[in-house]
Amino acid sequence: MPAAISLEGVWKYYGDYPALRDYTLKIEEGSCCAILGRNGAGKTTLLRVLAGLSPFQKGSIAVLGSKPRSSEARRAIGFLGHGIGVYEDLTAKENLDFFATALNVPKEKQTVSAWLERVDLARVANIPVRQYSRGMRQRLALARTFLASPRLFLLDEPFTSLDDRAIKMLGELLRDARDRGATILFSTHQLREAMEIASHVALIEQGKLRHAGERTREMLEDPGFLYREHTELGGL
Amino acid sequence: MRDKLTYVLLAAGALFFFFNLHGIFDVLPDEAAQGAIYRIMYLHIPAGITCLTGFFIGMIFSIGYLTTGKLAFDAASASINEVALVFAFMNVVTGSIWARIIWGIWWTWDPRLTAMFVCLLIYVGYLLLRQAIDEPTRRGRLSAAFSIFGTVDVVVVWKSIEWFRTQHPGPVLDVRTGGGHIDPAMQSMIFRDLFAFLLIAAALVLIRMKQEENAREIDALRRLAHA
Amino acid sequence: MNAFSQALSIARKDLAIELRTKESLNSAGAFAVVILLLFSFAFDLSPEETKDISGGLLWLCFSFAGALVFNRGFAREMPNECLDALLSSPLSAASLVIGKAITSALLLLVVEAISFFVYGIFYDTNWLKQPWSLLAVCVFATWGICVIGSVFGALTINLRLRELMLPVIIYPLLIPLLIASIEMTNLFLTNQAFNFMWLRVLLVFDIVFTCLAVALAEIILVN
């Protein structure tokens, strides 16, 4: 299968400090890869570099065959960072209408209404996001990310701070995306959720790739196994 | 190696400058209309040319950083802009002293003086911007972008001599006028002082670059320790 | 979608937010009127003297009030990390900067219209002697102010003391533009002939800084 993401000898520096060191990784199209690592390991840096939000200094990166900042790559990416990425003073419908325009989603497809229904925000679609509860904002963020049915998802700790309903919704959305052949790359601290939905895992420590491969039964039964086996700092 | 070069440049520049001082005070006569105070021109004009040249070269290194990503270019650009700013202050202060004696006023808002003062403010803003950004790569990119904007204003300063009729004396050097506006011995002294200033400026830039590189190394070690 | 359409979609979104909250418009409009009031205490002028300095007073007023407008430009993208969502979308960085500049320019033109009206009443000044020329100067100068405000708003997004840094950095760059606007505004007020040199200065600045903004937007926003 062709690689959806290909990193070759990538170095990313903050000044003289390498946040990513000689990072080489290939992620096949259609796979779901969990990026694991402690705080400060480089997970967020990796995702931001892939999304074209941060430049890198050495090596090469191909995202769906194109450079990270190219318009081809950005058209095919759905990025969800730590923030929900929606405007507080606009309504849910206005937010999604704007992002639909930005993401070149054709209006005729009624995508925005469909997604408002899917994340159960149709009845509050015309209320400013400022008045939403935390759970409603999270669901709107998911709608924004999945709106254009991207081929590649880059999700930074997507399960963090989600309520049960949103976790269940995210799980369903990710499974649907995987079923239609999308590639998913997500970072997380929640090992159990990661091992349940991921087909592959990659472990990063101090900017270096420590392990990359298929998710095994062992990892599913004992999520901490990966850290003990492959990191210098040992177990959790 | 670079330290040796720094010492050589500094020593050569200082020696040359002190040798020129002898020429300025003991050899060259007073100017016909201005008297003795005209001698400040030998500081004012070379300082002005050095600072404007420095801002322009700083922009070239900024573009170098943006194209290569090498932080050495950023260190060079920042050092050059900082040293050029010192010469800009010297230009403004010496001009002000001259104006007080000749025109009876410390300052006038004519376009060329205003443009030089604006340049000064822009590059003070440049230094403030650099100070406000901790992360070196980001600092390099943003200050490079700023330096390019700032250089547009340097062009305004340089062109303002031709664009506006001003209270400030017009161009005197043969390169600007085609000849006949200044005694050749005086013009030669201006260029000799310019050479001395450029040597001193180069030495100061090298010293400043070393400081920038040390600061970056400390920053990297600090991040490594905290990682 | 081409870059200009992208810029317009950004501008539409920002104007929708602004029309709902009216944050910039209210604060900038009120600030402009307060400055005009303060000028009345600072300067006790005859009608002739007023004509000589009206251009200067007004453009100072617009540039200070303008800071409140373009300060909001990229600050609007900070909550909820909306800027990351925009930059990871197909929208180009240049269209972001130009879109923000369009929004700021439209809002600042409204503030200017209010200020001209209020100033005309406070200082018994007739702005309609050369209305189309005055409008042209306002449009070109406002665009120059807002494009620089937008670029440097992007540049200072994540900085410490952002609100203090932005005016310190921007005003020296705006000086030549402001001088040209002030000179031309005073000419129109005293019904003198159009001065093409100052217009050239305005146009050259607009073109040069707009091109620089487009060229450097990616470098400024992606770092």
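Here are a few things to note about the model shown:
The chains carry the letters A, B and C, assigned in the order they are written, with residues numbered from 1 in each.
Rule of thumb we're sticking to: a contact is a pair of C-beta atoms (placed from the backbone, for glycine too) under 8 Å apart; a residue touches a chain by one contact, two chains touch by 3 or more.
What you see is a predicted model; the values in this text were computed from it and never measured.
Of all chains in the assembly, those touching subunit A and also subunit B are C.
Between B-C and A-C, more C-beta contact pairs are found at A-C. When each chain is reduced to the mean of its CA atoms, the one lying nearest the mean of all protein CA atoms is C. Relative to subunit A, the most remote chain by averaged C-alpha coordinates is B. In terms of their C-alpha centroids, the spacing between subunit A and subunit B amounts to 49 Å.
Per-chain Cα centroids separate subunit B from subunit C by 31 Å. The distance from the centre of subunit A to the centre of subunit C, with each centre set as the mean of the Cα atoms, comes to 38 Å. The set of subunit A residues that touch two or more partner chains comprises 55. Touching two or more other chains at once are residues 137 of subunit B.
Within subunit C, contacts with two or more other chains are made by residues 223. The part of subunit B that touches subunit A in the complex is made up of residues 69, 71, 135-137, 216-217, 219-220, 223-224, 226-227.
Within the complex formed with subunit C, the subunit A residues making contact are 48, 51-55, 69, 71, 74-75, 77, 79, 81-90, 94, 98-99, 101-104, 128, 144, 154.
Against subunit B, the residues of subunit C that register as touching in their complex are 148, 151, 155-156, 159-161, 165, 168-169, 171-173, 175-176, 208-209, 212, 216, 219-220, 223. The touching residues of subunit B, when paired with subunit C in their complex, are 66, 114-115, 118, 121-122, 125, 128-129, 132-133, 137-138, 141-142, 144-146, 148-150, 152-153, 156.
Across the complex, subunit C meets subunit A through its residues 1, 6, 9, 13, 16-17, 20-21, 76, 79-82, 84-92, 218, 222-223.
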